[in-house]
Structure formats: structure tokens, C-alpha cells
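See structure below.
Per-chain residue numbering starts at 1, and chain names A, B, C and D are given in the order in which the chains are listed.
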Amino acid sequence: MPAGQPALAAALPRFKIALPVAALAAMFGIIFWIRPAILSYFGIGLLLDLAMPAVFASMAQMCVIAINDIDLGIGPFISLTSCIAATLLVRAPAAGLLALAAAIGAYALMGGLIHVRRLPSIVVTLGASFIWLGCALLLLPSPGGGAPSLIAGFVNLSPPLVPLPILVLAGAALLGHLLLMRTARGAVLRGIGGNAKAVEQAGWSLARGRMLLYGIAGACGVIAGLLLDGINTSGDATVGAQYTLTSIAAVIVGGGEFVGGDVSPVGTVTGTLIMLLTGSVLSFVNISTSWQLSVEGGILIVVLGLRAVARSA
Amino acid sequence: MTAAAAPLIRLAAIARDFGSVRALQGVDLDIDAGRMLGIVGHNGAGKSTLMQIIAGTLPPSSGAIAVAGAPIPAYGVRAAHALGIRCVFQELSLCPNLTVFENVGIMHRSLRGAGWRGRARHLIRASLDAIFPGHGIDPDRQVSSLSIGERQMVEIARAFSETEEKVRLVILDEATASLAGHAATQLLDFTRAARARGIACVFISHRLAEILAYADDIVVLRDGGIVGTAPASGLDEDRLVAMMGEVRAPAGRDAGGARSAGVPRVEAAGQDGESLPLRVHAGEIVGLAGLAGHGQRAFLHRVFAAARHRERGLAVNGSIAHVSGDRASEGIFPLWSVMRNISAGALGRLSRFGLIDPAAERALAEAWARSLAIRTPTVSHLATRLSGGNQQKVLVARALASGADILLLDDPTRGVDVGTKRELYARMRAHAAGGHAILWYTTENAELAECDRVYVFSRGRITDAIDRDAYSEDRVIRASFASAPPGGGFARAG
Amino acid sequence: MGQRFANAPRWIWSYLAAAVVYLAIVVIAAGAGSFQTFSIALQFATFFVIAGLGQMLVITAGPGNIDLSIPGVMTLAGYLATGAMHGSNAGLLSGLALGLLVGLGAGLFNLALIRLLRIPPMVGTLASGFIYQSAAIAYSSHAVTQPSPLLAAFTSGRVLGVSAMTVLFILLTAACAVGLQRTRAGRAVLALGQNRRAASLAGFRVGGALSLVYLASGLLAAIAGILLAAYSGGASLDMAREYLLMSIAVVVIGGTSIAGGDPAPPGLWGSAMLLGLLVTMLNLLHMPEGVRLIATGGVIIGVLAVATPQGP
Amino acid sequence: KSTAHDGIALSNSYAGNSWRQQMLKMWKEASHQAISGGIVAKTKIVNADNSASQQESQIEDLILEGWKAIVIDAASPTALNGVIAKACHAGIVVVAFDSLVTAPCAYKVAYNYVHMGQIEARFVAKSLHGKGNVLEVRGIAGTSVDTDIHKGIVETFRKYPKMKIVGSVHGDWTQSIAQKAVAGVLPSLPHIEAVVTQGGDGYGTYEAFMAAGRGTPLIIFGNRQVELSLWAKLDKKPGGYHTISLSSAPGVSSIALWVAQQILAGAKVPKVVNVPLLQIHANQLQSWLKVLPQGAVATPLYSQTWTERLIAANLHHTAPPASPGPETLH
């Protein structure tokens, strides 16, 4: 770790968050400039409603990345929880709740397994991804099912003045920030990613820390699945598939690092919105959807490239 | 507290093994409240291991620990912490991704709930102010943005900070190594005040003057055992050095002979009045001396890099091989056999039509294993299964087998027993005599006697160049604390 | 010998598991067509092995190294190659050249991201994979992809009941295994994967080794894409979709250490056969897709847990 | 009511196979006719990557862009229901075709896939004189298209007690996957007399049989050019080759466009518009092959007037108009 240039080094964390925030602001600017009509209660609600599940997917990934792990199974896990919500939770709410709790428990146990047996998280979660998807398909072989009225009712809420997605996004960012960045326990959890030995030397159990973070990740996955079910009013065993990669991208674009426990909930929300709104911006400026993936890849490269330049400057 | 009362901490017959390495062999030690115990000893003597056992972060293999006269059966971090035992570990143990005050929160479990951030900030600021007046460290800074010295200050201040749990013992394991001179003085002066309040201190340092000036008692550790205990008042630097090291007469060797003039293998320009120039010729063994972390290792890396790319002020002529004493992180390939570890540097010569010849590879490895007397059942044995000293020999064999013109040795005898060391010295001499140039950084002053010339580093600069005839350990120690070469105003650091 | 013996079980596991599944198939089908089942599974395993070989090299270069752009490269190379062939043997060479060029270009681009821009390989290749896939999407709307008959025949042709393509890539796998263990460049990759610093200090060209594996991965992905497209009678946009995770799964089940430095080329065949035969077996048992996936996941975690050596 | 100032957008879940490419081409041709004829103002195509959530977000963007009608080829029969309800709520006409949706407010342009299965099974049973082993190559598991065709096949074969389905695999309507799946089970199967497919998988099935060294069974073909030219090739051999080609035509996108336009124009349109399947018989084979470039998919281009007649037939439960032939293409 270079000890020199403390001023620059001190500025880097700020730059890391300022960059995505500026990019997001620019995207909103373009959207509202091209289509001022979207700047309405209805428009914003529609523009951002899918950000609700996506943000929780990214939050789950963030919890795992916080301890230098990677989760290749979060997408199928979200599919599974949305299938549980669409079937069990509708037919037999008690069994559904139990299944969701078991899913969270399974996530925590997976964290425990990784810690105790010192397995590489990337492979364990890869294997788990097949299991989640398999369970989802067994539960719901073809898309269908319904949505519990409570959840469907929630996603259709029209709170006064501010559209629901904004409230949910702001709430997730705020709550995540308070829990992870402001509480003493949050600091300990992030500390594991930064210097696990130091945390252990201060008397904390690393096994418990990892299980807790995986458990929170599982809980975020469940929330994402529930929201997805509410929005779609049905379950689908493949509906969450692309969250696996976009959540990783969102965490990193939002200023997170793969190693070092350097993550931020606010950045993660920002990163998620950037990944999500790329498609809308392209659609509004009438660029063919063929190039959407290219633009997403390009944004990743530009943001991370700029960050690397800032780091080595 | 009278002398008759039980000591704050009593260690009885503490031993600790790391695999086949015996780091501590039955240490008995008392630590008294209100006094500072200084511990000195060569690298790898077992100082840090002992401290980790006291701090509860490492269980002893055997032995007993009693605090204030009461034996503690389930001794561990939590127990130690509850008893008011704090340790500033040798390697930094702050989380770089957290702020200063968050790191304080990690140590004090009682800092939680509403307002913990404010309390943590206040706590660390107060402690920093008390120990290092004028420190200029903002508790809201992220640790990764602090300099090494500042991080060290934070860690020290954190160890002395008190919540409801009172501090009874603070261990400072080479805590002054990365502190600027006046910060070190501030710290040591502060410990006087702390001792007056009944807090015990354990202070480990390679700066003997500090230990002598501030410690109440001094313990000397060698090869995992205590070889001497004395009140500091009765000791001086010479006697302490004598207790620490085996004072060995330099082994006889014929001066010169292979030593050649001509184009130097390595040549580093000096800086006027700041740093002396350095030169290594074929056939020479050149030592790099000074306190650990004063630029010797960085210099070796610069030389290594200069063999491939251009470097300003550094000329390297010839191929280069590197041997590190830090086997685990920059030497041994853990998945490879002894054979492959040895042959790694010589693959070019072992290849026929682009393919490595297995018979030739085996022959090479076996020849070197025999020549260096590496103790291994076969050369197909996993290198990590060997003892530390034999692993080190594997690395030396790799470098020698590569046939490089220049050999860089980075403290290559760390954790190596005396017999092996002697073998290696002889091997180096023979290698140099064979027309190779050797650049050797060591933290053991006794090894410097093996060199044709010694350059002493202090704060990244070369402050003295001592020829073999003029060599004395005293001169090395003096130059180690100098801030500039003799010509440019020689000053003794304190 | 001791070391080699200790390492052997790591890739043996996949062969054992594959053998068990194969025996189960023979029993279930009461012996009907058992050689054919084997040879067909082998033929399909080949595509996984080709892509897995590149992924294995990248993973061998050490922690954090993983190539997520493989599906993108496969799709793009498959499209461009079969698009240029236009169903005629005249276009064979230009098609092949175009496809391989895609692989080389992708490898270079990935390297630029990783070495020049210092983007972590995982996101770098994720991003570049998006770009390759998107290029394929854009190209697909005005392309007619039809492989040259010669190439198509090569992918499905048989010699003594075994596909010629399979034989070729068994040879390539063997060459790769030898290359890794017995050439200087191979040893550099192994050393890099075990300990980057030590490798550099031991005199290995670390940067060169890293470049080698990413270029190889790009090229092999391109080859897999071209052959898959040729075999399928043309490219499709999601022809490589399952290769994102499967290329990693094949490598890991095959006994390659995800921590780097310890590749297991023979294991690729064992694990690709295992995954293929598993599907056949569950198909024969009329098991639903869900069970097949759960079995796959169980196999991955199970093999990992069995084959991961436990430190002190 | 004039639709001259209205815009109609197509949200397509996936553009990665030849059927969908052809479908998009047909949409573009129909769009061209509609725009140059002054019938609608503009059209647009948005393709997703086969994921429901991406398609969802794209449809949301289309709603925000103010399109009057959105035509959907869906990634999931149910996952889009939420956003479709929002579109309907915003007064947008939603027409689903090909891969349908269950949202009640959406109009559907539907093939009768149960009927498709029935025709296939009846043809096979008649050709084999009511006795033989059949392999069923199915589509993508879990889709309604697959379950419907399967249903038609099974219920028809039930009437022929000596017709046996001895194996069933999922070929996902893709040559390569069908080939892999068929090749995987073939060794453990008895002699197969016929293969019922769902279209798009006939060529791969044939390849698998060849690779296994088995004789050519009766394979029901779809409408891919490779399938049709394979048929022509097999037919040249002594004895000929007796089969039919049965499939959904990608040109259905043009029907969906015109249906959407008709609804916007205020015409009376039933919630479900049934479209006849594209059947190609041996006598039509050559004329189709003449207009089909390599890699293409056989389909007519449906016109506005043809669609009007189709709608009328659906309203009055009369026979649908005869399917246009290859001559509608240029």
C-alpha cells in the first residue's frame, strides 16, 4: 500500500462515489430532457419500478463482496424466492414463510460452509446456483402462479407526492447505509473484508460474521424475489437470471472493490440505477437495442478505467 | 504495589510450535504492574510469538498463564481484553477500509448503540492528544489514507484508550519502528506517565538505545528461549549486544583473489552529502546493513527491476537471481516439488526443442540438493513439507542453479539454524570466488563479517561504506542511526 | 512421485463419478446402445472441453482470474465464421480466419482491460463479453449463417465410432497438459498462479504468462464457437448461453484449483462427460429438468468439498 | 377512425434464432407497407435478451414513449402481466402473438397448437397404418406452445392403440439442441418409425439419426429452409419421401401489426384471433424453395385486407381465408 500522496489517496473514496453519481445524474438529465413527460408521478414510477428488486439483488451481492467473496448464485436464488412467493406463499402462507426462512437459513449455512471448509465462494455459489434453479423449476415447472395480495398491494401502492420506487430506493439506500456504515457492528463486518486478522485479533468470530453477511444477503434476495413476484403478479423460474452479473457490475460501478471490504450501499443503489437506466436512455434516443449490451459494457469499462487512472495518478 | 505482591502476569514454561519449527521453548516470564519490560532478541527469536500468546491471539502449545496470581484456564482474546491487556502488534492490525474511529469501535465492544461514533471519535482523539500532542490526525480519516507512521500512532493510541475496561498492560511490539523520531520520544515519555498510573508495558525494539533509556527491566530472547534478564540500569549497549548475539570470529577467508576490477556488476550513483555510491564487482560479496525497513529491501528490488528495465542512477550488468528470506510470500511455490522449485530459474538450460528434459531437470535438482545437503527424502517431495531451513536452501539452490551473474540475497537466513547458516556462508563464498557478484541484505549483524564490503542504510540512504578490514559491529550500529553519510554532517539519532 | 500421487485423486474424482453414472445408464437402458451413448456423450463433451480448456488456463493464472467473456466470444466467432462461409467450402478458410481473428482480438482486448486499465478480470471480461455478444446481436440481423459442409462434416464425422473432432481435441488437451508442465511458458503460468511475487522474483515473465492465458482463452472460445455453430448448422444468439457457468463448472469439477497454479487438463474430459451423462441418465429416468439441475449443483459442491485439501 | 398519426411498437423477447429473425423481417415489411401507405405514422422494434425482466423494462420504456399500441412476442406467459396491465391502464392497445401472455386485457393472435399436434399425429398414424414406434421431439419445457402441441399429439395417438411414443426429448425448437437431445437417447431406444416434431428441429433430428447409423424415419418437418431442402433431397431418392411441413409462420408478426392497427382504427376485433397454421405439402415444396434464401424460414407476408378477412372469420366463426403462398414475397 503506497503510503505517499495521502491527499490523493484520501480523495479516492470520494471520487469513487462521485463518478457514478455524476454518471447517473447525466442519465437522468438526458432522459428528462428528451422526454420531459416522464418527470411526473406516473412516469417516474414506471421508469423505476423494476429498480426495486434489482436494488435488493445488488445489496445481496454487496454483502457478499464486502467479505471478499463473490456470489454467482444470487440471480437463480431470487428466481426461487419469487417462485416460492408465487406458489407456496399464495396457497399456504405459513408454509411459504417457512420456505423463505429456510432459504435465508440455507444462505447463511452456505456462508458457514465456505468459512469452515475454506472453500472458494465462487465455486460454492456457482454450484448453489444450479440447486436454486432446480428447486425453482420443481416448484414451478412452467411460469405461472400468483402474487400474495399483500405483496401485490404493496407494489401497487401510490403514496402521496413521491412515487413508490423512489421511496423504496431511498429507503434501501438509507437503511443499508445506516446499518452497514453507521452501526458499530456494521463497521466490524466491513472490517472483516479489510483485514480479517485484525478483526479476529479484536476478539470477533469470523465464522459468525460471514454467516451473518450471507444471511443478510439471503434476506435481500428474498425481498428482491417478493418484489419481483409482486410486480409480475406471477413467478417464473428464470426471471432473476440476469441479476447475477448485473448485481456484480452494479456493486463495482457504484464504487465497490472486489477485495478490501470497500463497498457502499449508496454507491450500490447508484450503480444499480446506472445499469438499469442504460436501456431506457438508449430506447429514448432511439438507438437499436442490439447495442444495449455494448453500452452497458462500455459504461463498466469507462467507470472502472477512470477509477484506475485516478488511483495511479 | 510492592515487590512481594503477585506479578500482573506470570508465564510458566510457555512453548509454541509451528509445525516443525519450535518458536518458543519453555519461557518463564513475569510482568509487573507499573514497570516497563524491554525485550530484545534477534529476528525470529520468538518475541512476537510470545506477545501474541500474552495477547490471547495465539494459544501456546504448552505452558500456563496466570494473571494477578490467578491462573486463567480458557485464555483467549476476549479474556485478555477483559483483563485489560492490550497489544500493538508488529504487523499493523487496523482495517484500512475503515475510518480511524471505526477501528476504535472494533476494539471496544462497549462502543455501540446510539452515539457510538461520537464516543469513539472522542476516545481516540483524547488518547492521541495525550500521547502525541500535535499529531494532526482526524479521527474521520480512512486508515488507508494515513501514512505508515500515522497508522502506527493510531494503533498505539487505540491500545491506550480506555472505556469502562481499565488498561493494565500495553504491549508495544516494535511500535516505534515506523514512528518518526519525535513521535517515538512522545510515546516513550507517555509510557512513563502511564507506568506511574500503574499500567505495565512490554516494549520490543531493535533500537537498543530506546530500550536502555526507557525500560525498567530487560529480557533477552534467543532462539525461543530467555538467555538473560537484567535491570536496565545495569546494562549498556555493548553488553546488551553481547547478550543478544553469538559474537563469532569472522571465519577465515582469503581476501581478494577472485575479486576483479573492471566494469562493476552493479553500480548505484550516490547523492552528494545524502547518500554514498554503491558498487559491486564480480567476485565480491557486498553486504547491506542497517535497521530493518530502512530501504535495503527496496534497493534490492530496484536492482532486480533494473536488470530488465532501465532505472535512473542504477546500472546492472549481467543476469540476476533473487533469494528471499520471506519464503512463504516471495519464495517457495507451495504446490511444487523440491525439484521444480530448484529448477525454476534454470529452465532455459534444461529445455531441448522447447521441452524441458525431465531427466536433466531431475539430475540438476539432485545435484544441487546433494551439494547443499538439502534434507529431503527425494527431490519429488513437496517443498513446503521441508523444514524452514531446508526450504531456504531450496531457494538458494534455485538461484545458484540459474547460473546468474548477480545474486541478490534478501535476508536469506531468516529462521535458519546456525549449522545451516554456516553452510550457506561457505556456499556464498565459493559462489563469489567462482566469479559471481553477491549483494546481501541481512538483519543479523554477525553475517556482515562474511562480506567484502558493507553499506549501511538509514532512512533509505547509504550512510556508510565499510571495507572488510575496517569492519566493526559498533560502526554499523552507529551508521544505522545516522541521517547522512559522515561527510554530510554525521548525527547520531536517539 | 509422491506429489504426483497426491495430486492424482483431484481429477480422478470426475472420472469415477462419470463412470458410476455411465454404469447406471447401462443398467437403466438394459445395455441397449451403451457404446453409442458413450461416444455421443464424448462428442458433446468436446465443446465443453474446448471452452473449458481456455477457462482452465485463465483460472490457473491465479486468484481473481476468470474469463466471463467466453460465451460472447463463442457467439461472435460462431456468427462471423459461419456467416462468412455462406454454406460453401470456398468460404471455409476465410470463415475460419475471421472466427479465429475474433478470438485473438477478444483476447487482446481483455488483456488491455486487465493490464493497461487494471480492471479486475472478472468485471473486465464481463464488460467485454457484453460487447462481443452485442456485436453478434447487431451482426445477426443481416447475416445468414451456414457452415461450410466440410467443417460441418468434420464436427459430426466419426473414426471408429469416435468423432474426429474429439480425437483432435483429446490430442490438444494432452499437448496443453504437456505444455503446462514441460515448457518454460507453461511453468511460468503455473508459477504465476501459485504466487505472483515469487514467480516474478524467480525470473519468470509474469506479464507474458498472463497474456498467454488470456489469448489462449480467447482463441479456444472462438474455436468452440465456430465448431458449435458448424455442428448446429449455423449460429444462434444464445448458443453459448450455458457456457458462462458451465465453462467454470467443467474446470472446477475436473479438479483444477480455483485458487490457481494447479490445472487438471485430463479432468476436463471427466467432468464434461460426467455432466453430459448425468443429463442422459436423468432423461432416461424421465426426471424433470429441476432434478437434473439440482444434481449438477450437488455434484459441483460435492466434488469441491471432497477434493479441496484442508489446511491445518 | 384514422390511425395515420399513431405509432405501433413491437416488443420482442428474443431475436437469436432464424424464426425470430424472419419474424422481424416480416414486421419490417408490413411496417413499410403501413407507413408508405399512410396507414400508421411510425413503428419500432425493441428486442430483449430472452429475459422477462428486460422485456418488462423495455415495455415500460415504450409506455413512457407514448406508443399507441404495443405488440408483444413474450419471454414469459405470465411475467409480463404486471406491465401489460399498466399499459392497458394507460390506454395502450396490447397485442400478443406467437409466444403469448395470459394478461386478460391483451389481444391475442394465436395459433391453435393443439390442432397442430392433432394434424401431425393423424398424418403419422395414417402413414404408418396405425402401428409403429414414435419419437416425440418437444419444444421448450414449460411453454404453453409445447404443452398444447404435446396435448394434441397424445390425445390423437390415444385413438390408435398400436401407435407408441417410445421416447420424448426437448429440442427447444433449435436444430443443435434437438440433435444433441435426440442423439443422447437414440442408442437406448428401439427402432423408430416416425418422429413428431414442433418445427425447427427436423433437420437436427435427421442428423442425429444419420449419426447413429439408423434408417431415416418419417419426420414431420417445420418450415426452416434446411428442413425443406432436406425434404426435397430425400424426395429425390427412389421411392420419394412422404411427409408434411407444419409450422407457425413468422409472418404472423404482420398479422399482429394489422390487428393492432384495426383495433386502433376502432374495428371490432375479438380478444383472440386464431390464425391457421402454415402447411406445406409436397406439391408446394418447389415453389417455396425457389423463394427461400439459405437459412431463411418459410412464411407468407400477410396483408391488411387478408387480416381483415381473418378477423371477420374469427368474429363469425367461419373458415379462415386461405393462407397466402410464397408469391406474396419478393
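One rule holds for everything that comes next: contacts are C-beta pairs under 8 Å (C-beta built on N, C-alpha and C of every residue); 3 or more make two chains touch, one makes a residue touch a chain.
In UniProt terms the chains read A, C = Monosaccharide ABC transporter membrane protein, CUT2 family; B = Monosaccharide ABC transporter ATP-binding protein, CUT2 family.
Quick caveat: nothing in here was measured; it's all calculated off a predicted structure.
Any chain bridging chain B and chain D, meaning touching each of them, is among A, C; the list is complete.
Each chain gets a centre from the mean of its Cα atoms; the one farthest from the centre of chain D is B. Centroid to centroid, with C-alpha atoms defining each point, chain A and chain D lie 37 Å apart. Centroid to centroid, with C-alpha atoms defining each point, chain B and chain C lie 46 Å apart. Remark: chain A and chain C have CA centroids separated by 29 Å (rounded to whole angstrom).
Contact with two or more other chains is made by residues 137, 141, 290, 293 of chain A.
None of the residues of chain B touches two or more other chains. Residues of chain D found to touch two or more other chains are 47, 141.
Which chains touch which is summed up as A-B, A-C, A-D, B-C, C-D. Those residues of chain B that touch chain C in the shared complex are 19, 304, 320-322, 324, 329-337, 340, 344-345, 347-348, 351, 354-356, 358, 377-378, 380-382, 398, 402, 404. Of all residues in chain B, only 55, 57, 76-78, 81, 87, 89, 92-98, 102-103, 105-107, 109, 111-113, 116-117, 141-142, 144-148 touch chain A in the complex they form. Contact residues of chain C toward chain B in the complex are 1-4, 6, 178, 182-184, 187, 190-191, 194-195, 197-199, 201-204, 261-262, 312. Listed in rising order, the residues of chain D touching chain A in the complex are 44-49, 51-54, 56-58, 60-66, 76-83, 85-86, 90, 102, 141-144, 147. For chain A in complex with chain B, the touching residues are 1, 3-4, 6, 9-10, 12-13, 182-185, 187-188, 190-191, 193-195, 197-204, 260-262.
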